[in-house]
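Both complexes below contain subunit A, partnered by subunit B and then by subunit C.
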Partner chain A sequence: MAGYICLLLLIVTILENLSMFIPGMPQVLQPTSPLFTVLKKGAVYSLVAVSMNLLNGFTGLFSLGQAGFMLLGAYTYAILTVPAKMKDQVYYLFGGSLLKTSLVDIFGAVFGTEGVGRAIAMVLGVVLAIVLAGCVAAFFAYLIGLPVLRLKSDYLAIATLGFAEIIRAIFQWQRLGPITNGANMIKGFPTFTSFNITDSSGQVLFRLSTFVPFLVSSICILLIILLINSSYGRAFKSIRDDEIASEAMGISLSKHKMLAFVISSFFSGMGGALFAMYVANAQAKAFTSVMTYEILLIVVVGGIGSISGSVIATFLYVACSEWWLRFLDSEMVLSSGFKVPLLRNGFRMVVFSVVIMVIVLFFSRGIMGDRELRLPGISARPVRPKSADKGKAAANAAAQTVTEEKSSDEQEG
Partner chain B sequence: MSAETKKNQESALHLENVTMQFGGVVSVNNLTLDVPKGKIIALIGPNGAGKTTAFNCITGVYQPTNGLISFMSQPMVRTYPRGKDAKIYKGEHKDTYAGQPVLTPTPDQITQLGIARTFQNIRLWKSMTVFDNVLTAKHMRAKQNVFSAILRTNMKEEKRMREETMDLLKEQGLESFKDELATSLPYGLQRRLEIARALATNPKLLLLDEPAAGMNPQETFELADFVHEIRDKYDLTVFLIEHHMDLVMNISDYIYVIDFGSEISQGVPEVVQSDHKVIEAYLGIAED
Partner chain C sequence: MKVSGAAVCAADAVMLWYSHVNRYNPGNSRNPVWRSVLHDCGRAVCMRLTHALEKNSMEYVISVLLSGISVGGQYALIAIGYTLVYGILRLINFAHGDVFMVAGLMGIYFTAVMPITLSIPLVILVTVALGFTIERVAYKPLRDAPRMSVMISAIGVSYLLQNSATYITGGQPMTYPTIPFLASTIKVFGTHTKWVVILTPLLVLLLVFLLTQLIDRTKIGMAMRAVSKDFETSRLMGIKINSVISMTFIIGSALAAVGSVLFFTNYPAITPMAGAMPGLKAFVAAVFGGIGSIPGAVIGAFLIGICETIIKGLPSSWDVSVFSDAFTFALLIVILILKPQGLFGEAATDKV
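Take a look at the complex of A and B:
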């Protein structure tokens, strides 16, 4: 598992730096290529999608508060990392920020503000801010969870959706301006591009701007996978399958639902911080319920209850919306003078909606269903019978099952 | 077994004046019964008599309106009608428990104390394999916390849980199905799996809600032996609801009969079998 992640990170880093060391690379590998936009945004969204899947797919709690927790994470990160010298400029409407310093400046005082010391200070400051972003989201999730987790299915969805909207309104409140900058955006904090290694003149020597979101996301997703395959993960799944049975087997519903909610929100908060780094600003109006639906869509398309499904669906979705289907939005005139009908601004979303409806109608289990992508070297999960008939046949005798499965495999092969 | 000898035995579960009232309907009315340690006790009665409601009161699914339930001589559930319930309360002993601290544990807390149950309509975790079904039931007794579970510092415990699960499955003859989905098993084996899952929580008292429902005569016959076997092996007390008279008469040390929520008879199988009240409840009163 860890090996595959290292390999992935290596590939991403190489891809990103190819144009740097080998001249004449095709457009798609240039730093401005949509490929890297897709990779960065995909890394961010996959973390959020997986965290949502932990709650909706594995614990069976239908929550729609993801954008709210992302907002909390994004703002926490932004507020804590805007450098002191940028504060007056960013908060000019409110005469400067209440928080006079930033985590990066605090670490800068320890490690120095030049060269390697500056780099260490920034990395530490950013990492701590991302973790704190998760913690703030988790803390709010705990407070919200106390009353809200008593609700079931649709009611829980509405309550969490309401929470996300309220949080968004609060962060736009002018009175909180000295902290949240009101309805204006917070910017000037370290972003993914801040991690590129540059020389003194600002010339980029080595790019890490795609590596960073991949690193953070894969660590978080790895932790979520470890959780899901642990005893707690099994308890979550049991709650999804049958609450009454879980309770009767001594699994405390309130405790485990809260745990899933808080952990999911923690990672959503971290995802929010990464999102702020990706768009290079934090603004409350970006975190609307549309964002939650986008992520819910990814989870459904990927397969509810499948981590690898969520990750695959995220990259497909982001690639389609940011890159592959972009051409639908611009008019196209062929060389013969024929103007292709329908192609105009907004048509992309029409196609998108149709694709989604087709998926929901005909492939309602999503790309992966509740299975996981299995790669050689990753411990194989038990093989499930492929159909009910086979299951019944299996019940007759174990020995028979083995031979049957063999023969059916042969038939399929 | 006479009333005197019963008192001398230590009781595992004791219900005292338990009443469960839903609005104006009294489902369980002033039920008092005793389940001595190490015995197999049955609760029988016609359809709708309130047997499962009584079970749900014991396991915390419902909070009884009035009454005291003790487990291992410790009060476990104690309530009296309060607020709106007090006004419409139709049962007896309204003031017996008033003023005493109210105890209403949740089902998981009751399971923690050592009471495990099975369900009338099987409730296995359907997306999980046979193995995972039993393994998940071990979660409650595990000492890990969420951090040690994520960081895998609890491997020793996890390994022990897996070994114990395997032992349980072997004993139930389910080990060859361990990687099958629980719901793909035939009915009789699903019942066995449910019992195995209940045993995984290390109970002292096992509640079986109609364990023979849907079983064929052969399976029912085997079930009787099986219940005796696990009782002896795990030092259990068994309290069961059953419709299947052959099984009940064969298996139980003592029987309580309820109808319309109230006890109508109790005694050893032979006594209950010939009690005319029981026959009336089951077959109706003869016209002449």
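Take a look at the complex of A and C:
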């Protein structure tokens, strides 16, 4: 499995840097192409979708708090990594931040602020901040889980949704402004593009901005797969299938539900940190219940209880919404002078939601059902591994084939 | 002002009553320290509240309360739709808030082409048709599927309605037409307010009365009660499940349409997301009152509406108005933990 991940990361890195070393590459491989937006956003969303699937699909806890935990992660990351010299500018409404330094600056004091030392400091600071983002989300999940995990299916859903809304309100409170910047966005922290290797004049030498989200989410998804295949994972699935029977088999319901909830929130928090890096800001009003619904629908389209399904669905969903279906949002006049009806701003999302409704109603098992994608070299193992990187590889391959299609389309157009 | 003393007295009276109740029911709260801390906190909050009140006039307090009651009445009309559907299908109809929003949009589009006397009944009719269609298309095929699938389908419908509304309106906030009678102002207790504020609670009470008569006295009402008691058995007894379920959606949508006329007369702009928050709040109201119980939902809705308006009306130096939505959910969680069956709900028993 590790081999597939390395291969995937290699492909992503090569794709990203192709235009750098070989001149005259088609538009789609230029750094500004939607392909890389899709890959970055897909990597971020697939982590969140898989973490939601761990809870909803594998443990049978119908939780709708994902956006709240992403918000916690995003804000933790943002607060901890805004560089000290940016603080006054970002928090100008509140006369500077309460937190005078950042993790990157702390590591910078150890490793130096120039050249390689600066790079090490930034990588360490960012990684630590992402992990802490997960920890904060997990801690809050523990607190929230104590009361709400006793609730059954739809009550749990509405209670977690409510918690996400409460968290959102707290982070918009002006009194917390010196920490959270109130209702304004936090920005200026390291993003994916900060990882591109540049020379002293700022000229990019080697791009790593797509590699980074892929690396973080594939490690996290790998950890989730290992968890699902462990005895804990089997306990989760037995709780999903029959609570009473699994309790009779000696599985502690409260302990395992709490474990699944905390772990899922941990990875959602990390996903939130990655999301903040992707959009280059953290703002509470982005993390509404609509975001949770979107992720839930991705999980459903991929198949509840299938990791590879979630990953494939994420990349399909993101690619459709950010790239392939974009043309639905602008008016189109054919060469014969015929103006295609209905096409205007917002039509893409209507088509999208109709497709999702059709899947929910008629293909309720989604793309993968509860099966996993199998690739040679993995299915032969004694422990049946359920892999996501295969899904990613497939999605990536799909993206590549579409790349070709797209370029041919452009020629026609 | 006298109000301060009165409020502190009220806090004391509530605590006295509470300790009195607990003496005969010691299972509820075993910890007197906790209780006295709660009392002191409650007293402190009351003192601060009254301190804030003294700065404002009595008229301000009355106008806040009046608008709270009217918002509560509008939530009540939505909450009935939730509580009826949940009582029968055990489904949180996430799309209900969006049906309410669509009814608001239809109000705008219909009044643009026809007189208001014609457009309001038409809005109610089309909303009913929408609710009926949603049930037939999105929920009926999943009647025997797990509850989670139906809920996901409801979320999908809500997503579809929101996106369609964005498409049709172009994402711009739309202005609700002023309805001549409802929007005209009136002076009550020294404060100027709109007619809709006075009329809403009365209309709600009338509609609830009619609805309880329908449920208690008619054949279809009896069928609804039977189905909410036991889905399978009533099916075996020959009750036409589908027509009963359709009926609940029809009633719920009609009330939501009436609610939308009242609600959006007060809030001039409608966005595609305008239905989501009132919808969730109305659901919380339904849970608070005990899901399946109509008087419970109405009381819960009034309570939430009043509390929310009070929080919004608190002095702006406190910066708490951002919590007006969060308060509702905090209330939900407290209720779910302390009394999951709600005020008037029946305790559910799980048979193993």
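The rule we apply is simple: the second predicted complex is superposed on the first by the 378 of 413 C-alpha atoms of A that agree within 3 Å, B and C clash if a C-alpha of one lies under 4 Å from a C-alpha of the other, contacts with A are read in each partner's own complex, and residues count from 1 in each chain.
The rule we apply is simple: a residue touches a chain if its C-beta (ideal position, glycine included) is under 8 Å from a C-beta of that chain, and two chains touch if they have at least 3 such contacts.
These numbers were taken from a predicted model, which means no experiment stands behind them.
*Asks:* Contact-wise, after the overlay, does A:20 reach subunit B, subunit C, both or neither (first, second, both, neither)?
*Replies:* Neither partner.
*Asks:* Applying the document's definition of touch, where does A:124 land relative to subunit B and subunit C: first, second, both, or neither?
*Replies:* It touches nothing on subunit B or subunit C.
*Asks:* If you stack the two complexes on chain A, which partner ends up touching A:244: first (subunit B), second (subunit C), both, or neither?
*Replies:* In the superposed model, A:244 contacts both subunit B and subunit C.
*Asks:* Answer with first, second, both or neither: which of subunit B and subunit C does A:148 touch in the superposed model?
*Replies:* Only subunit C is touched by A:148; subunit B is not.
*Asks:* May I ask you to decide whether A:253 touches subunit B, subunit C, both, or neither, giving the answer as first, second, both or neither?
*Replies:* A:253: touches subunit B, not subunit C.
*Asks:* A:356 contacts which: subunit B (first), subunit C (second), both, neither?
*Replies:* second
*Asks:* So in the superposed three-chain picture, is A:169 touching just subunit B, just subunit C, both, or none of them (first/second/both/neither)?
*Replies:* second
*Asks:* Between subunit B (first) and subunit C (second), which, if any, makes contact with A:230: first, second, both or neither?
*Replies:* In the superposition, A:230 touches subunit B alone.
*Asks:* Just to be sure I follow: which residues of subunit A are touched by subunit B in one complex and then by subunit C in the other one?
*Replies:* After superposing on chain A, subunit A residues 244 contact both subunit B and subunit C.
*Asks:* Which part of subunit A faces subunit B closely enough to touch in the complex?
*Replies:* Counting only subunit A, the residues touching subunit B are 223, 226-227, 230-232, 234-235, 237-238, 240-242, 244-254, 259, 263, 305, 370, 382-385, 388, 390-392, 394-395, 397-399, 401.
*Asks:* Can you tell me which positions in subunit B touch subunit A when the two form their complex?
*Replies:* Touching subunit A: residues 59-61, 106-109, 111-112, 116-117, 119, 123-129, 131-132, 135-142, 144, 146, 149-152, 154, 158, 161, 176-181, 183-186, 189, 197-198, 200-201 of subunit B.
*Asks:* Which residues of subunit A touch subunit C once you look at their complex with the stated criterion?
*Replies:* Residue list for subunit A touching subunit C: 56, 62, 147-148, 150-151, 153-155, 157-159, 161-163, 165-166, 168-170, 172-175, 183, 244, 289-290, 293-294, 296-297, 300, 304, 344-347, 349-350, 352-354, 356-357, 360-361, 364.
*Asks:* Okay, in this complex, where on subunit C does subunit A touch?
*Replies:* On the subunit C side, the touching residues are 90-92, 137-138, 141-142, 145, 147-149, 151-153, 155-160, 162-164, 166-167, 170-171, 273, 276, 280, 283-284, 287, 319, 322-323, 325-326, 328-330, 332-333, 336-337, 340, 352.
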